[in-house]
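In the two complexes below, subunit A is the common chain; its partner is subunit B in one and subunit C in the other.
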Partner chain A sequence: MTRMTKLMAATAALLTLGAGAAMADTVKVGLVGEMSGPFAVFGEQFKGGVEAFQAINGTEAGGKTVEVIIKDVGGPNPDVAKRLAQELVVRDKVDILTGFGFTPNAAAVAPIATEAKVPMVIMNAAAGGLTGASDYMVRVSFSLPTVVPPMAQWLVDNGYEKAYVIVGDYRPGHDTEAAFLEAFPKAGGEVVGNVRTPLMTVDFAPYMQKIKDAKPDAIFAFVNAGDVMAGLMKAYREKGLEEAGIKLVGTGDITFEPSMPAVGDAADGVVTSYPYSMEHPSELNKEFVKAFREAAGSDAMPSIMAVGGYDAMAVIYAALEKTGGDTDGTALVDAMKGMEWESPRGPISIDPETRDIVQNIYLRKVENVGDHYGNVEFETFEPAK
Partner chain B sequence: MGIVVFDGLAFGALLFLISVGLSVTMGLMNFVNLAHGAFAMAGGYAASVVMNAYGFGFPAALLAGFVAGAVSGAAVEVLFVRRLYRSHPLEQVLFTIGLVFASIATATYFFGPTMQPFSIPPYLEGNFAFLGAELSRYRLFLIVVGVIVVAALVLGLDRTRFGAMIRAAVDNQRVARGCGINVDRLFLATFTLGCGLAGFGGALSLGMLTLNPIFPLKYMVYFLMVVCVGGAGTITGPFLAALIVGIGDVAGKYYVPQTGGFLIYLLMLALLLARPNGLVVKKGAR
Partner chain C sequence: MPLTLPRRGLFALEILFWIALAASFFVFPDRLYLLTQILIAALFAVSLDIALGYAGILTLGHAVFFGMGAYAAGLLAKAGWAEPLTGLALAFVLCGLVAYALSVMIVRAGELTQLMVTIAVGAIVVEIANQATPITGGSDGLQGISMWPVLGAFDFDLWGKTAFVYTFVVVLALFIVVRRMLQSPYGLALKGIHGNRKRMYALGSPVEGRLRFAYAASAAIAGVAGALLAQTTEFVGLDTLSIDRSAAVLIILVLGGTGRLYGGIVGAIVYMVVHDFFADLSPEFWMFWLGLFLMAIVMIGSGGILGGLSRLVRSERS
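Take a look at the complex of A and B:
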C-alpha cells in the first residue's frame, strides 16, 4: 500500500464511522467551485443555480435537510481541488461532492470519490469521456463534441459551404476543432482554414483580417466564454466581416449569457448550438430564471453553468428521495443512473452506462428579446440514441 | 501588409498609453510597481460608470479615467508606497502584487466578475477607406492620442521646471532637498501623474480590450514588456517598444498564426539580449 492509498483508506474508514455515528437529519453536499479570481463568474453561476433550485424545491429531500458547503478553488488548480475535496470528505464529512468548473479539477478529485465512495456530480467540466474517471462520477453539464455536429449540418443546409475554424488553443478547443473538422466535411462542407488562438488573446483583429482575406462563407468559432468571446465579437464587427458576407457561428460559448450585456448588439444574428438558452420557452425555465435572479441579482444572466448547478441539485434530491434518505454513496449513484427529469433546459436523463448526461442540442440565434439580446432557440436536435 | 502595420501601430499606441505611466513610476522613481494595471483598471471602471450609469460622453469618460487613476494612485502613495521607496525591491514587488490581488477582489465585489459594457461613440466607430485598405477610426484615434501624449511628456520632462525637479530628485535626493525641493511632495505628484496616465490608458482601452476584474493581471506582462524593452524611466523608449511589440504581435498572428501569441516573447528576448538596458537608456543611469 502506498501512502496515498493508506490515506484514502483511512479517509473512507473515517467517513463510514462519521456517517454511522451521525446518521443525522442533515445531508451535506460539498461544492468545489471557482468562487473568486478570474473565473469567479463560474462560482456565481453555480451558487445562483443551487440557490434557485432550493428556492423552488425547498431544502428537504428524502426526509433530510440538504446543506451545501461551498469551497473556493479559484480556477484550474487540480492540487487545490484535491485538497479541498479531501477536507470536505474527511473534516466536514460531506455525503456528496459537486461543482467543478474545470476538467483538470474534476479529474484530480475523481480518485477521492472512488476511494471514499462519495458520489461526485459534475456541474460544468466539459471534456469528452470525463465520467470514465470514477464510477462515482455523474455529469449534468454537457460535452463539447456533442454540440458541434448540429451546427455543421445547419451551415451546409443553409448554403454556407466553406468554413474557417477558429478555436481557443487548449484541450476543449482542440476537441471542438476535431469534432468540426470531422462533422463539416461529412455534412458536405469544406474547411478552408483553421487557426488556434492563445487563451488570453487580447486583440482578435489580426485573426479576423486573415479570415476576411480567406473569403469563407462562415466562421465556426469556439473560444472560452467570458472576456475572450467579447474580444472576438468586437473584432468581427470592427473588421466588417458581416458586410463581407461571412457568417459567424459557433458553440454557445461565444454567446455566453452573462457576457451578453457587455457585448450588446455586436452579437445580433449570431447562430450557435448549445444545450441551454436562458430564453428556452418553458414554464420551468421562466420560474428558474426568476429564482436565479432573486438569488444572484436582478440583472444576472443564468447560463448553462447555472443550469448545471440546478440540475446537480435536482439529481441529488431525486436520488435521496429514491433511497429514502440513505446517504450510502453506492446506493446514491445507483439511484442516479438512468434517472430522467425535466430541467430548465428541457428534458434530460443520465445514461445508466456512462453516467453522463443525455440531452437535446438546440440551434439558437441571437435576437433582441426586449430588454436584452438573447439566444432564441429555433431548432432542436434530439440525442442520437 | 498596410493594414497589418496600421493595426499593429494602433495596438502599440494603446499599449504605450496604458504602460507609459509605469515608465514614470518605475523608471523615474525606481519603485517596482507591479500594481500599475490596478490603476489602469480603476480608470477603466470609472470611465465605464460615467458613460453607462450617468450618460456622459466619451471625452468626459476619458477625463474620469485619468482622475480615478490619479486619485487612487495618490491615496496609495500617501498610505503605503511612501514607506517603501527605500525598501528592498523584493518588498516592493510583494507589496504591489498584493495590491493587484486586492484590487481584483475589490472590483469583483463592486462590479461583479463579468465584463463592463462599452460602445465606441458613433463619431469614432466604423472604418474609412485609405489607399485601398479599410482602416478603423478608433484605431487611428489611438495612434493620434499616443503621439500627442508622447510629445507632451517628452516636452514636459525635458523642458519644464517640474520635469527638471523630478530628474534632480531622482538623480540625487539629498542634493535636491538641499536645493529646497520638497521631494516628498514631488514624488507624490509624480506617482499621481503616473497612475493618472494609467487610468487614462485604461479608459482608452475600453474600445479595444475587455474590462473585467482580472485586467491588472491579464495585461501585466504587456506593461512590463513595453517598459523593460523600451528602457524604464524614458518616454520615447516605451513608445518605440510598444510600437514594435504591437506590430510584432499583429504581424505574428496574421502571418504565422501557428506560433500563437508566442512570437512577441521571442522578439522581447532578442531585444533584451541585444540591449539589456532598454532601447533608449536613461541619461545618467548606472
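Take a look at the complex of A and C:
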C-alpha cells in the first residue's frame, strides 16, 4: 500500500466516523502495474489516473471505501504478474484486479480471474481480442486495430494515395501493420512498401532515406513511444522528407504525450489517430488534467494510459454503485457490461458481448498550444456499431 | 577460530535444510507462489552452477535453455498432451541435445569468447521466438495453456498448493541427482579442469568430452526449470529467454556462492525474498535498495553468502 492510498483510506475512515455512521467496509482493488524500470512511465500514468479519479470522486462507492493496493511487475514479466495477482487474491483478498500495461501480463493473469471469479479491468494492454481470455476481463483502454481504419480513410480523402508503412517489429506492430494493409487499399489507397524496425532502434536515418527514394505521399508509422518515436521524428526532419512532400501520420503512439516535451517542434504538423488527447475540449478533461497534475507533478502529461487508470476506477465505482456494494465478481462484471459513461476522452461504453471498450477515435494534428506541443483533435470517428 | 563441524553434522544440516524448505508449505500457506518461483529459480541457479561453478564455462545465455524448456513444455501442452511429467521429460531431452550440439563451439573457446558466443546465441534465439509469432505468440506470449492434473490426480489450484508440492518434489529429485553427479569422480574431474586445464590434459583426462557433458547436463536441468515455470504459471513469454533472466540467475548464483552446490539455492532464497520485501515496501524505488543490498553483500567478501559462511564454519573433511 502506498502512502497516498493509506492517507486517503485514513481520511475517508475519519470522515465516516465524524459523520457518526458505522465504519464502512472496504473494497480492495489490486493494481498490477509497471512501477519501476524502463517502463515506469506506465505505472506513473496508471497511478496518476487513479489518484486523479479519487481526487475528483472521493474514495467511496456503493457505500464502501475503495482501497487501491499497488504492486510492481517491472515490465513484460508474465510469471511475476501471475504471482502478484495470485497473492493479491489469496493473501490481500482483493475484490478486483486492475492495471496491466503489457498484453502478456494480462494474458497470464486471465486464468486467475476466471478461477477466482475476480473482475479484471485492463488499463492499457492493447492486443486485439484480448478480453476473450477470461469472462471476467473488462477493457477500458483500446485495441490497436480499431485505431487504424480512420487514419487510412483520412489519408485517401486528403489525396495521399500512396503510403509507406513502418512499424516496430513485435506483435502490436505486426497487428497494426496488418490492419493498415487491409484498411488502406479498401479506402482506395496503395501501399508502396513496408518495413519492420527493431523494437528499440533509435536510428531511423537509413529507413527514412529508403522511404524517401520510394516517393510515397505519406508514411504511416507505429513505433514505441519515448526515445524511439523521437528518433523517428528527428530522422524524418533531417532527411528532408517533409520538403519532399511526404506526410508523416500514424497511431497516437508516435505522439505519446509524456514524450512530447523531448520531441519538441519536430512533431509539428504530424497527424495521428487515437482515442484520447490531452487537449480534448471538455470540462471533464480539463478537470482531469488538473487533478492528474496535482497527483503526478505540475508538468506531468497525461496520456491514454492515465485515462485508462481513470476509467478503470470509473467503471469499478459505477459497478459498485449498481450492485449496492456487493463485491461478488460475477455481479460486478455483469454490472460493467453495457455500462456507459463520460470519460476525459469523450463518451465511452463497455460492449456487453465482448467486454471491450466502445469509443470514438479522433484524428489529431500536432500544434503549438501555448506552452507545449499537443495533439489537437479535428475530426471524430464514431464507433462502427 | 572457525567452528568445526563433523562430516555427519554437515549431512544432517542438508537434511534439515530440505525439511525447512518443505515446512515453508505450512508456515507460509499464502505465499506458495513466491515459494514455487524461488524453487524454480534455485533449480535454474543450480544448473548454472554445474556449467559455471564446476566446469568453469562462462555463460551469459543460460536463459536460452530455460526458455527453450518453457516453450517446449508449453507447446506440448497446447498441442494436446498436457501431462506435466512428459513436458518435463521433453524439456530435459531437448535442451540436453541442443546444448550438446552447441557445446562444440563453447568448450573450445576462451572465456571471453564463451561470453560472446552465449550472448549471441541468446540474442538469436530471442529473435527467432519473436518472429515465429504463429507458433510462440511472439511478444504476446504463449497463451491458453491448461495443464492436466499431476499424476492424473492433483489439479493445479488457485492457492498454488499443487504447484508447490510438484515443484518441490521435482527440484529435490533433480538436486539429488546433481549432488551425486558432482560428488562422483566425474565431479572431481570437472573441478580439476576448472582449476588447471593443462594438467588435466597431461593426466590423460578427456577434458572436452567432460565439459560437453557438463554443459549438456546443465542445460537439460535449466530446461526442466523453465518447463516447471511454464506449467505452474500456464504461460510462456519471451522474457523466459531474455538476457535479463540470464543475468538475474548469474546474480543469484554469485550471491549464494559458485561451485558450492547449495549456492544457487541459498542465493535464490535470499535474492527473491529481499526483492519481494523491497518491492512491497516501495513499488517505484525498490531497485535502488536491492542494488544497495547486493553491493553490501559483495563487500563482505568473495564466495557469496556460502563463501562467507565457510569462513566461519568448517567441516571436518576440508
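Rule of thumb we're sticking to: the second predicted complex is superposed on the first by the 361 of 385 C-alpha atoms of A that agree within 3 Å, B and C clash if a C-alpha of one lies under 4 Å from a C-alpha of the other, contacts with A are read in each partner's own complex, and residues count from 1 in each chain.
Criterion: a contact is a pair of C-beta atoms (placed from the backbone, for glycine too) under 8 Å apart; a residue touches a chain by one contact, two chains touch by 3 or more.
Just so you know, these numbers come straight off a predicted model, no measurement behind them.
In the three-chain model built by superposing on subunit A, subunit B and subunit C fit together without any clash. By the touch criterion defined above, A:A40 lies against subunit B and subunit C together after alignment on the C-alpha atoms of chain A. When both complexes are overlaid on chain A, the residue A:A230 reaches subunit B alone and has no touch with subunit C. Look at A:D169: by the touch rule set out above, it reaches both subunit B and subunit C. Contacts of A:D356 after superposition: neither subunit B nor subunit C is touched.
When the two structures are aligned on the shared chain, A:S259 is found in touch with subunit B, with no touch to subunit C. Once the two complexes are laid over each other on the shared chain, residue contacts for A:E115 go to subunit C alone; subunit B is not touched. When the two complexes are overlaid on their common chain A, residue A:Q209 makes contact with subunit B while staying clear of subunit C.
When the shared chain is aligned, no partner comes close enough to touch A:E279: not subunit B, not subunit C.
Looking at the shared chain after the overlay, A:D95 reaches neither subunit B nor subunit C.
The overlay of the two complexes leaves subunit B and subunit C separated by a minimum Cα distance of 5 Å. Contacts of subunit A with subunit B, set against its contacts with subunit C after fitting on chain A, overlap at residues 36-37, 40, 169. Those residues of subunit A that touch subunit C in the shared complex are 2, 33, 35-37, 40, 43, 70-72, 75-79, 82-83, 86-87, 89-91, 103-104, 107-108, 110-112, 115-116, 127, 133, 169-172, 174. Subunit A makes touch with subunit B in their complex at residues 36-41, 44, 169, 195-198, 200-203, 205-207, 209-210, 226-228, 230-231, 234, 238-240, 258-259, 261-264, 297.
Interface residues of subunit B facing subunit A in the complex, by the touch rule stated above, are 3-4, 7, 11, 104-105, 108, 112-119, 127, 134, 136, 138, 208-210, 212-214, 217-219, 222, 249-254, 257-258, 260-262.
Subunit C contributes residues 30-31, 33-34, 37, 130, 133, 137-141, 143-144, 146, 158-160, 229, 233-240, 279-280, 283-287 to its touches with subunit A in the complex.
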